[in-house]
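Two complexes follow with chain A in common, the first pairing it with chain B and the second with chain C.
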Partner chain A sequence: MTTYVATLRRLIRVYPGLAFGSLIFGLLCLIALCAPLVAPMDPGFVDVRQRAQGPSWGHLFGTDMLGRDLFARVVYGARLSLSVGIAVACVATVVGAVIGLLAGYNRAADAVLMRIMDGVMAIPSILLAVALMALSTGSVGNVIVAISISGVPRIARLVRASVLSLREAVFVEAVIGGGVGTGRIIFRHILPNAAAPIIVDATYLCAGAMLSEAVLCFIGAGTPPTVPSWGNIMAEGRTLWMVKPHMVAFPALMLSIAILSVNMIGDGLRDLLDPRAGRRN
Partner chain B sequence: MIQYVLRRLLTTIPVMLTVALIVFSILYFSPGDPAALIAGETASAEDVARVRHALGLDEPFLIRFGGWLWAVMRGDLGTSLFANMPVSTMIAQRLEPTLSLMAVTMVFSVLIAVPIGVWAAWRKNGVFDRTVMLIAVLGFSIPVFACGYAGAWLFSLKLGWLPVQGYKPLSDGLWPWFRQLILPAAALGSSYVALIARITRASMLETLDQDYIRTARAKGLRDGKILFVHALKNASVPIITLIGIGVAMLIGGAVVTESVFVIPGIGRLTAESILRRDFPVIQGIVLFFSFVYVLVNLLIDLVYALVDPRIRY
Partner chain C sequence: MTQDIQPLLSVRDLRVSLPGADGAREILHGIDFDLNPHEILALVGESGSGKSVTALTLMGLLPAGAAQVSGSVRLNGRELIGVSPEEMRQIRGQGMAMIFQEPMTSLNPLLKIGYQLQEALCAHADLDRVTAREQALELLRKVRIPDPERRLDNYPHHFSGGMRQRVMIAMALAGRPRILIADEPTTALDVTIQAEILELIRDLQREEGMAVLFITHDMGVVAETADRTMVMYHGRAVESGPTATIFAAPQAEYTRALLAAVPRLGEMGAHDGPQRFRHILGDTGVAVPRQKVAQGQPILSVRNLVKRFDIKSGIFGRVSGRVHAIDDVSFDLMPGETLALVGESGCGKSTTGRAIARLIEADGGAVTLDGFDALTLRGADLRRMRRSVQMIFQDPYASLNPRIRVGAALCEAFVVNRLGTVAQARDKAAHLLTRVGLSPDVAARFPHEFSGGQRQRIAVARALMLDPRVIVADEAVSALDVSVKAQVSNLLMDLQDETGVGYLFISHDMAVVERIAHRVAVMYSGRIVEIGPRASVFGQPSHPYTQRLLAAVPVPDPARRDRPRHIVPIQTRSPIRAPDYSAQPLRYRQIAPGHLVEETSIAEFACV
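What follows is the complex of A and B.
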C-alpha cells in the first residue's frame, strides 16, 4: 500500500500536469456519471416564467430562452461530450491500428490503404465530419462515427511506421526464428512496443473529438436539440449572448476545462512514456 | 530544383483523386433522389425513370464519377438545391471574407508565435519559458467559441475598442477591413499560435544543442544573429510543416469563427447549407477546402527546398 502512495506522490511531483489533468478529467467523468445527483433538475423541463434568467441560487448557471435550467443542461452535456471524446479515441485507435497493421504487413494492402488514408487526411477533419453528418441523422452514434473517420489516418500511419521499423528489429527476428506465429508476434511483441505513441495520440484524439463534437452541434450538424450538448447549448444562446452572456459562457467554460484536462493528460503521458522527449523539452 | 517541383506536383495528383473519390461518394450515397425532386411530386414512376436516364443518374458509379470529375476540373461544382445557383459562384461570392480571415490569422500567428518560441527555447526553463508554455497549453485547449465570445464581450461590449461582429470588405479601406478582423483572427489564431510556439521551442531546443551553434558562439557572434540566422533556419523544417498542417485546423475553426462573428464567408455558407441539407454546396465546399489544404501543403513542401538545400527527394 505504502509503495503505491509513494509511487503516486512521485508521479505527482515529477508530472504535475498529468496528475492535475487526470484529477480534473476524473472529476468531470464523475459529474457526468452522477448527473442526476449533481443536477436534480430535469434538463428538458421548460419553465416559461423563468426565461433567460441570470445565475442565482435557484439556477446556478441561470436559465435559457425556454426557461430550462442551464446548470442541469451543462451537467448533462458533459455526458455527451465526454462519451463522444472517449468513444472516438477508442474507435479511431482500434480501426487505425488494424489498418496500420494490415498496411505494415501486406504490401498490396499498403498501397491501397495508405492512398485512402492520404485522401482522408487531406480533407480538413471538421469538414469531413460535417459532410458525413449531412448524410445521416443526428444521432450520437453517427456523430462518433463521423468524427472517428477523420482520426483514423493519424493512428494508421503511426502503427504502420512502427510495424515497418519493428519488423526489422533484432528481437522480432529472434521471435520469428523461434517459430512464433504472426498473430502472436503482432499482439505480443510489436503492438506493446509501439503502444506509447499510440496512447499519446489517442489522448489528443479524444480532446480533438470533444471539440469537433461541440463544433458539429454548434453549427447544427450534431445531435438533435433534445439531447443537451455544450455545442448546442452555445448555439441556442448565441442570438442573445450580448445581453445574456451566461448562456454561452458556462458551456464554453466547461468545454475549455474538459479539453484542457485531456490535453494536459496527453502532454504528461508523452513525457512519461517517452523519456527522451521529456528531457528534451 | 525543377525536377523536385515536378515530382512533388505529380504526387499531389493521386491525393486529389482520392479526395475527389471520397467527396463524390459522400454525395452519391446522400439520401433523397434528385430525379424524383426534379420530376416533381405528381410525376409517375416512368417519368422519374426518364428524368433519371436523361440526367445520366442510372449510369454505373465509376462512369458517373468520371463525368463528375470532368465537370469539376472545368470548374463546375454542380448547382445548389436551395439557391438554384452554381455552387462555384456561391463559393466565389463568399471567398473574400474567409481568405481575409485566414490570411490575417496566419500572418500574425506566425509573426507572434515564432519569436515567442525562439525566446522560450533560448531562456529554457526560465520564468518566460514556463509562463509561455503554460499559456500555450491553455491557448491550445480553449476552443474558438470561448476565445471569440470572451474577446467580443470584453473588447467590444465592455471596452468598446473594437467592432462587435460583421465584416467590412477590403474595398472599404485597409483599416476598417483590418479592424473588423482583429477579434475573429485573434480567436481563430489562439490555438494556432500555441501550436507554432510549442513546435518552434521544441525544434529550437534540438538545434541549439548542435555543434555549429557552439562554434557560432565561440566565434563571438551576437545572440540575435545566432538565434535567428543560424539556429532558426536549421530548426525551421518542423515549424514550416506544422504551419501547413495547422491550416486544416484554421479551416475547421473558420466555420465556427464566422458563425460567432457573423462573417459572411464560406464557413457561414457551410453552416447554412447544413441546416438546409444542401448537399451539392457542402460537397463543393469540402472539395474546395481540401484543394486549398493540399495546395498550401504543396507550396510548403516547395518552401522546404528553398530553406534547406539538402532536401531533394
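What follows is the complex of A and C.
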C-alpha cells in the first residue's frame, strides 16, 4: 500500500500537470455522477417569476429566461458533455484502431480504407457532424456517432503508422519465427507497443468532442433542447448575454475547465509515456 | 621512447560526473595520460569503460551544466578545463578535431560535400570562395578520394560509408589540428574498408605530423595502429604503455583477460573443427574435445536459392531494375554442424538466412529443412516448419519485446504451438535460462533490466525453447563486447554439443568464424564464391575475394603490423541488374575435398 502512495507522490511531483488535470476531471465526473445531490433543484423546473435572475444564494449561477436554475442545468449538463466526450474517445479509438490495424497489416485493405479516411478527413469535422445530424434524429447516441466519425481517421492513421514500423521490428520477426499466429502478434506484441500515442491522442479527441458537442447543441443540431447541455444553455442565453452575461459565462467556464483538464491529462500522459522524454522511472 | 619531449596534451586526474537516475554518478574516476607529438595513443576498453566520455570531455562536448568535470587537461601547456565556450570553439578544429563512429549520420544530407568542407575551412580562416574551394579539393586529395573535382559537388548520399568517413576525416583536417581524436572511426565499416581507413589515418598522421587519440574496443585495430595504448575499465586506466609491451606482457589482470578473449585469425592453424574460446579469467582452458559432425542426411539443404528485389520507378511503378540480393545459392548443413556465411555488408548473407527462416519469400530455388520443402508450406504447416528453424538476431536490444516479461517471451511460442502445458513451458524456460547462465528467477523481469550480453543469452534460450534443428544466427555475437562475445560463442558451441543443432552462422567477423565454424561459405554480391571446410578455406583461400577479405582482418599482434598487405580498393560489383537480365550459371571447381571455388566471378577481380 505504501508503495502505491510513494508512486503517487512521485507522479504528482514529476508530472504536476497530469495530477492537476486528473484531479479537476475527476471532480467534474464526480459532480456529474452525483448531480441530484450536488444540485437538488430540478433543472427543468420553470419558475416564471424568477426569470433571468443574477447569481444569488438561492440560485448560485442565477436563472435563465424561463426561470430555471442555471446551477442545476450546468451540473446536469456536465453529464451530457462528459459522457459524450468519453464515449467519442472510446468509440473513435476502438474503430480507428481496428481500421488502422487492418490497413497496417493488409495492403489491399490499406489502399481502400486509407482513401476513405482521407475523404473523411477532407471534410471539416463540425460540418460533417452537422450534416450527419441533419440526416438523423437528435439523440445523444447520434451525436456520439456523428462526432466519432470525424475522429476515426486521426486514430486510424496513427495506428497504421505504428503498425507499419512495428511489424518490421526485430522482436516481431523473432515471434513470427516462433510460429506465433498473426492475431496474437497484433494484439500481444504490436498493439501494446503502439498504445502510448493512441492513449494520448484519445484524450485530445475527448476534449475536441466536448467542444464539438457544445457547438452542435449551440447551433441547435445536437441533443433535443429538453436535455440540458452546456451548448444549449449557452444558445438559450445568447440573446440576452449583453445584459445578463452570467447565462453564457457559467456554462462556458465549465466547458473551458473541462477541456483544459482533459488537455492537461493528455500532455501529462504524453510526457509520461514517451520514452524520449527520458524521465521514466 | 619520447620521455624528454613536452607532451602535446596532458591529462591529470580527470574526473567526470554525469547526472543519472539517482543523482550525479562519477563516470571517470581520475584518468592520467599524456599524448606526445607525432604519436598515436589508443584508448581501449569495453562499453561503459568511459573511453568515449574521455574524448567528449577533451573536446568540451559534454552537455553543458549537467556534467561536472574536475582535474586538469592541458593542451600545449594551456588549461582547457573551465575555458569559455567561445575559447573552446576556437580550440576545437585548430587544436583538436574529432571524427565519429557513424559516418552515415555525421554529414548533413542536404548540403554538397564541397560546401560542408568549405564551411569547415572558413570557420578557421578568412577565405574567399575560390581559395576555399581549392583548399577543399586539396583536402579531398589528402584523404585519397578519387576524382575530387567531380566529388566536390556530390551530396553525401552519393558516397559509400567508407568514402563518407574519408570526408569526415577531411573535415577534421580542415583546421589543421594538432590532435585528431578518432572515436571508433571504423567500427561501422566493413573489414576491407576498415583496413583502408586505418592506413589512411596512419599516413595522414605521418604527413601532417599530428598526434592521434584513437578510441576503440577492437584489440586488432589497436595492434595495427597505436604506438602506445591505455586500457580502460569502468572509468579507470588499468594499464598503459607501449603497444608492443602491452600485447607481449600485459600486467593487469583485466588486460590479460581482454587479450585472451580477442579472437585471432590464424591461431587455429590446421586444427580441424571448432574450438571454444579460452576462459576469460582462467589460464589456458583450451580445447574441449568436441563431438564429430554426424554424417549422412543433411538437416538443411539449400538449392539454387534466388531472391530479387524490384526497383520501381515512374508513376506506374514500372520495374526498372532488380537487385540480385541472392543469386543461385546452394549449400548443405549437417546436424551438429556450423556453417559460417561470411562476407561484407550487402553481400546477401542476411537475406539468405531470412529466406531460409521464411521471414522473406524467396523467388526461386528449393530449401529442404528436416524433410520439409520449406519454401512452399502455407498456414499451419508453415508454423510447424518454423519451429525447426529459429533465428538469433544481431541487436539484443531490439529482439525482445520491451513490454513482455522474459518468462512470457520464452514460453509464448512453446504454448502457442501446443508443445505442452504452461507449466511445462515454465519448467523448460527455467531449465534453459540456467543452461545459458542466467538464474531462473529472471523470468519475472523485463528485458530493459538486462545488459546486452544477458539479453543475447535470453534470445538464445528463446530460440532453443522449440527444440529447433537449425538456428540461423544472424551476426549473433557481433554487437557484443569482446569478453561477452567469447562467452556467448562458447555457449553456442556447448549447446550444439548437447543438442546437435545445426548453426547457420552469419557473420562478418572472420576471427570468431574461425573459432566456431566447421565449414565456411564466402559470399560476394549475392553469390557464394568459395565454400569448404574452415581449415581449408582459411588455410588456402583460393578465390581472390576471399584472399582480400582475410588480408584485411586486423591482426592483434603489433609485431606483425608491417606485414605486406595488398588491399587494393576495388569498385564493389553492383548487384542491380536490368529487369530482363538472366544470370550466368555459376561454375564451381573443387580444389580440395569439399572445398569449392566459383570460377566465373574470378574474372571480376582480374583487372584490379
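Basically, the second predicted complex is superposed on the first by the 275 of 281 C-alpha atoms of A that agree within 3 Å, B and C clash if a C-alpha of one lies under 4 Å from a C-alpha of the other, contacts with A are read in each partner's own complex, and residues count from 1 in each chain.
Throughout what follows, contacts are C-beta pairs under 8 Å (C-beta built on N, C-alpha and C of every residue); 3 or more make two chains touch, one makes a residue touch a chain.
From a predicted model like this one, the values you see are computed outputs, not experimental measurements.
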Quick check on the superposition: with chain A as the shared anchor, is it clash or fit for chain B versus chain C?
fit
Answer with first, second, both or neither: which of chain B and chain C does A:W241 touch in the superposed model?
first
Quick check for you: in the superposed arrangement, does A:D267 touch first (chain B), second (chain C), both or neither?
first
Looking at the overlay, what does A:V215 touch: chain B (first), chain C (second), both, or neither?
first
Once the two complexes are aligned on chain A, which partner has more residues of chain A within touching range, chain B or chain C?
B
According to the stated criteria, A:G183 is in contact with first (chain B), second (chain C), both, or neither; which is it?
neither
Would you sort A:P40 into first (chain B), second (chain C), both or neither based on which partner it touches?
neither
Between chain B and chain C, whom does A:F171 touch in the aligned arrangement: first, second, both, or neither?
second
Touching partner for A:N193 - first (chain B), second (chain C), both, neither:
second
How far apart, in whole Å, are the nearest Cα atoms of chain B and chain C in the superposition?
6
Output the chain A positions appearing in both contact lists, the one against chain B and the one against chain C.
281
In the complex, the residues of chain A that touch chain C are 169-181, 184, 188-189, 192-193, 281
Across the complex, what residues on chain B touch chain A?
14-19, 21-23, 26, 29-31, 137-138, 140-143, 145-146, 149-150, 153, 157, 164, 201-202, 205-206, 248-249, 251-252, 255-256, 259-260, 270-271, 273-275, 277, 279, 282-283, 285-286, 289-290, 293-294
Chain A residues touching chain B - in the complex, by the definition given at the top:
17, 115-116, 118-120, 122-128, 130-135, 207, 211-212, 214-215, 218-221, 234, 238, 241-242, 245, 248-249, 252-253, 255-256, 259-260, 263-264, 267, 280-281
Can you tell me which positions in chain C touch chain A when the two form their complex?
21, 357, 359, 382-384, 386-387, 389-391, 393, 395, 398-404, 412-413, 416-417, 459, 462, 465-466
